[in-house]
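Structures are listed in the sections that come next.
Shared chain: chain A. Partners: chain B in the first complex, chain C in the second.
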Partner chain A sequence: MDEEDELPLLTAVSSSARQLYLLLRCINFAEKAHVQINEGGLQFSVDEASVMEGSAFISKDLFTTYTFRAPAPQRPSQREIGDSDDEEDEDPDETLPTFQISLPALLETLQIFGLTDTNTSKPPWARDNPASTATGGAFTNNVLGMNNMCRIAYDAPGSPLSIVLTEATIRTTCNLTTYEPAFNEEIPFDRQALALKTIMRGTWLYDAVSELSSTSPEKLTLWARTRGRKPYFALSSSGTLGSARVEFNNTPIRPPPPSNPPADTPPPASNLLETFQLSDPTSTFRASYKFSLIQRAARAMSVATKVSVRVDEQGVLSLQFMIEVEAGKVSFVDFRFVPLVEEDENEGDETQFLGGEGEESDGSVMEDEDERRA
Partner chain B sequence: MRFKAQIHNIHTFTKLTASLNSLGPLAWLKLGDEQVCFTIIPEQGTQVWAVLSIDAIFDTYAVQSAANNVINLEVPLGPLNRALKSALNATSAQIRLTKKDNIPLLALTIATTSSNNSYSAFPTGGSRDDGTMFHDQFAANRETIITQEVPVRVLAPDTVSGLHEPQTREPDVHIILPPLMQLKSISDRFTKLALAGAKTSSGAAATRTRLDMAANMHGCLRMSIKTDAMSISSVWTDLANPELDPSQVANGDMGIAEHPSTRMKLLGSADGRSEEGWASVRIDGKDWGKVMSVGRLGGRVIACFCHEHALILYVYLPTDGGEDESVLTYYISSYSA
Partner chain C sequence: MVVLNFTLTPEAASKIHDLLVCLGKFSDTVAIEARRERLTFTALNSSKSAYAALTLEGKQFFSTYECIPSHGGLDGRFACSMYTKALLSVFKGRLYDPLGRDGAIDRCEVSVQDRADETQCRFIVKMICNQGVIKTYKLTYEAVDVMHALFDRNSATNRWSMNAGAMKEYIEFFGTKTEMLDIFAGEDGRAVFKSYTEKISNGKEILKHPLVTAVAVNTSDFEEFKVQPGLHIVISVKDFKAIVIHADTLKTSLKAYYSHPTRPLQFSYGCDGLLCEFTLMTSGDYNGATAPTPAPAPQIASRVASRAVSAATAEARDNRSMPPPVEPASRRSARREVGSRQPSSPPTRPQDDPESLFVNQGEEEDTQWEPVDYNNEEEALGWDASTDRNAGNFATFQDSGSFSRSDGVQGNADSMEGIAPTQRVSQIKGLW
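What follows is the complex of A and B.
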């Protein structure tokens, strides 16, 4: 393939495949991934039976060179933390190249040189060992800047996505068959009508979810409320083996309550929940999701520095993970989940729940409520 | 019929039996005056003909038989390998052919000093220092003798007379392979990729994976695999193509001039981008993985490619002297599809 002659749609070069691998691994739960190429980078998205979707955006900042020759003029699309979850740039403009590839095949290719086994069975000739720069001294390939290179090219619609990994005297070329994009609508998420928004550390969410997973539950329920300007957030799981709950109690040293409504109170950074907003602070928020689906985001939770948990008025859950792939460069991985329909939802629950308000008894109130339901 | 030898290189012997064992459970062991041959001819897959100089493994080697002092045995590699493993920390190990209840055996007599085990075997309870002192004084000199018996079958000369090394034509390309462990880790990924791709389609075709191996006379080796979802290939460059020795080729210099590899030299390029000049074979991915396990012996490997016919690997065991090298020859035939 002579990309130079044909002026390919995309040429992206990076000195390593590691960042790409780390991000894509987070959404590795389906056989096929949709890829969309735009000015700002590469968007990979996967979908599970239209009830869950995950997407990773590989910003062009992660490449040393990124050349995209749009088939037709296209306005640049910038993504920020605020709106990157929403594929608003994926507008009906059909000129942006979109196709499907086999995600497991891509991931397997990216780790051809054993990028993942950083600590254990890593062969000495493997590259990009994050520890090697620290421990391996000045003579590792990394430091010497050997001609390690990862090059991604996409020639024209219909041609394969080719990935070329070069390392010393080994050159691996992988041509991934590109498939027609399947027609699938993304899960609608209304960012203008949020019922809940909270930001916390990814590992905390990961710990909570892995703690709950021990009983192999079927359902994960999110609880949130504000009481006395104190945010309260809990995850509870239920299944055939029983139920469990993890609570996030936001009770560290707090500045005196400001005059704003509690919903807008920005808690100090030391708080467990960095941001906590409820559209209706007077009532208790509750929404349930299929546990096994949430668990698919576990990889992202474990590597994310921060996660933004948002639920819109329809109950659609959006998890947006901020992942630091290398110092100073953050990337975002998004997940969306369609809620489970709750049969036993009634006003009584909530009034009961709120009726038991007490300053120090968050947990016991919840338990009472659970017992009553059981 | 007599065979007795001191094993002086237990590590090599253990690794050798382990890697041979991955290709087949039974080996034909031919003990001769000057060399020891291991041959594995599985029903399907790769044949190995290993010729070891006696010094490579043994010391004080003695073999006697009515048939020109050659003993042919059928040895189960698994039990032999397990027996050798228990000798890894031995101070000395001896192997000999004996008989017990009319069953021929290879008896491995292993002498170890007990100091290695005594921490767990006799917990001293006191401080560690006391324990060590105790060893130094008493236990270090205590020797343990372990005898491992591996039942074997003695093969009559007639039985093995019909077995010959496969005949192959002169190779089109010969090349020194990169480190086998490196090759193996990449080929294993390829095999995994092919299996992952096949899982989604029909299950029937998933069991077989065909690796495409190719090399040219300009120092390039190419390994590739194709599935519905992808095609992937790795190219090594800057490898060496050893020169042929006129004394080893039929017709000497004339033979070299007409040798297929001389013609192949005119084709292809050193960067591996040209489509010409490749001699390629199709081999089974799993089988290749097993062959690659010989990489743990860490020897030099020369691969000879007979285009669309066979791949022959010569694995030279590292020796101290370097005079009469031990060589393992792997015959891998090419699949047509």
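What follows is the complex of A and C.
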């Protein structure tokens, strides 16, 4: 039933709406999302006041079938909403279909059959019964993997995005209105001029951000430096009740005691920061961002296997999350943040950290020294 | 400059979490008082009817413990007060995870930054996790003087002790909205814990829906039960629940000490260097079997014998500490004078109070007793800044060790008169 139509610009069938849902949920912080369809998959991007943007790329690998027919250039009759030459990556002149869609509505749609999602936390009675009573035996839809078919079709520019969810004998068709794309300038991020790049586990970052949120801070400051080839990365914030800082040191100050062996902790125990690059290793890197914006990426942090934290020379922060939606298949969700302008008050912050930290093995005076050297 | 550094194991840090959760049920702020050999968390609820002191032994509870107060010599202390919520956000749950998963810590280092050359004073908590993650919190604190409620166990003739786990099962039956808990020692070998709500109707208007739950427990189920038969004693259910739940986290036995209604009741439990004491105001059926008459005598006796008593009797009345606001300003100033000439104040005063103070009255009868002996009303508060129940000379009020108030109970009683119990000693420093 998925290949019945030759006409649509896009036809994609996924065996589970759950993966799409998991990915799109990560960027669910705005009403409207831009969708761009290209050969490789679907690009969903949302933006907040042009200071933050998030995008999720749903690769065609996540679909069992993915058919994209690039609109023929000689298609003047159709509305010219597709010219997305503002997208920097797929800049070639071809007109890729782009539209806006209501993200919350899309997420609601994908959840319609959440009850039979085997992996959800729904109670078993709600999960098993429909399928087993419908067909039963070895040929249940669950066994055949047919329980939760999701078919996405986009006929032509201007037409609604049609999502057909098939489950057992129930078929639901949702047509989501598409909107004209708004002029949407991407936050410029210069991959060639990075000031900082580090890769770590997503949960570490999630943990750090949730720790810092206890101080109900306004802004989040990133610190990074290298000393004696040892990387150091820290996030700090301060609020009315005090300040908090979470540091990541690649070399544990002391090895984990044998008394509580890290049972399920993966090898990164020794390498907290898998990659660590500073453009200027002699100085301390510092940049501040609005905390509430960073927090919007929290869901992505919590589900991501890894996160790549990059900051370019201008201070734009890019968080790229690698999310494993299914064993072996990874997808990426990106966030970009515009930095806050540094104020003088930050100097006070820094001295505070220097003073407070003074005693610990390697953490202390290095900032000081680094700066003197610089 | 104060030196306070200590290190906690994950287990100990998790215990701090538990105790903060418990203290958080009493007060929004928690005071920390550090001495050379121990650290005490105290909380006093807003109505001053419940006081909690959780003492951590320096050598036993901590991996390392060092405290050098800036002044006061051996008896010196460093005290500060913080939002319970702020501390709780640092000492989260699941700090101790035997599997060493995320969020588990390797150790926790706490220090206080209080130096003349620092612009900021901070309470610094450093959580060191296994994989090289270090979480540092710098919390603001308020320097305060901590006052302690005194309790004399010698005069608390009624006592019982029970496994906290068993007690926890009983409290689950209490209605969530009930306010009071009546602990009744029956004559038939049973103790009855009855939770109920007072003043459910005002005239014809029903204010609250009454739900009375009575849990009868065989006294043989107690580890110890020595209570005068027929004695009712009434405390707050909420406090009791908080205490039992915390005692249960330590898997220990909860011990109760009390004399009779309107006198303080103390719950005590602890293990592994953690000693928890909760002193609660009580009310009760003072017309009942617990004749008020026997009470005063032991009180006097113990007062004479040990000075702790003044305080002991006193804290029962932390509920009575409410009266001070109504006192006229003129009187307050008068009493301040008394306080200021405390060294010469007559030693006879304590003898006065048995008559006035130890008449058993409910707190509702404030009007009865309050005018009777105004001077001693303050004495009734019995706050002691020294925590040390057994110490001979009691400093009922002490200003962080800067004054060595060793001139005995009279002086203290008088010095107390200068201060409303709700007032920080630091606020009246100018008097001396």
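In this text, the second predicted complex is superposed on the first by the 265 of 374 C-alpha atoms of A that agree within 3 Å, B and C clash if a C-alpha of one lies under 4 Å from a C-alpha of the other, contacts with A are read in each partner's own complex, and residues count from 1 in each chain.
Keep in mind that, in the parts below, a contact is a pair of C-beta atoms (placed from the backbone, for glycine too) under 8 Å apart; a residue touches a chain by one contact, two chains touch by 3 or more.
Everything numeric here is computed off the predicted structure, so don't read it as measured data.
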item: Chain B versus chain C as contact partner of A:L272, first or second or both or neither; value: second
item: First (chain B), second (chain C), both or neither touched by A:A105; value: first
item: Which of chain B and chain C A:F248 touches, first, second, both or neither; value: second
item: Partner chain(s) touched by A:T203 [first = chain B, second = chain C, both, neither]; value: second
item: Which superposed partner A:P181 touches (first chain B, second chain C, both, neither); value: neither
item: A:E31 touches, of chain B and chain C: first, second, both or neither?; value: first
item: Partner chain in contact with A:T169 - chain B first, chain C second, else both or neither; value: first
item: Residue contacts with chain A in the superposition, chain B compared against chain C; value: C
item: Where chain A meets both chain C and chain B, residue numbers; value: none
item: Parts of chain A lying in touch with chain B, wherever the complex brings them together; value: 31, 101-102, 104-105, 108-109, 111-112, 114, 123, 125, 160, 169-177
item: Residues on chain B engaged by chain A in the complex (per definition of touch); value: 178, 181-182, 185-186, 189, 192-193, 196-197, 200, 227-239, 272
item: Chain C residues touching chain A - in the complex, by the definition given at the top; value: 10, 83, 85-86, 89-90, 97-104, 106, 113, 118-120, 122-124, 126, 128, 130-140
item: Parts of chain A lying in touch with chain C, wherever the complex brings them together; value: 203-204, 207-208, 211, 214-215, 238, 240-254, 256-257, 260-265, 268-269, 272, 352, 355-357, 360, 363
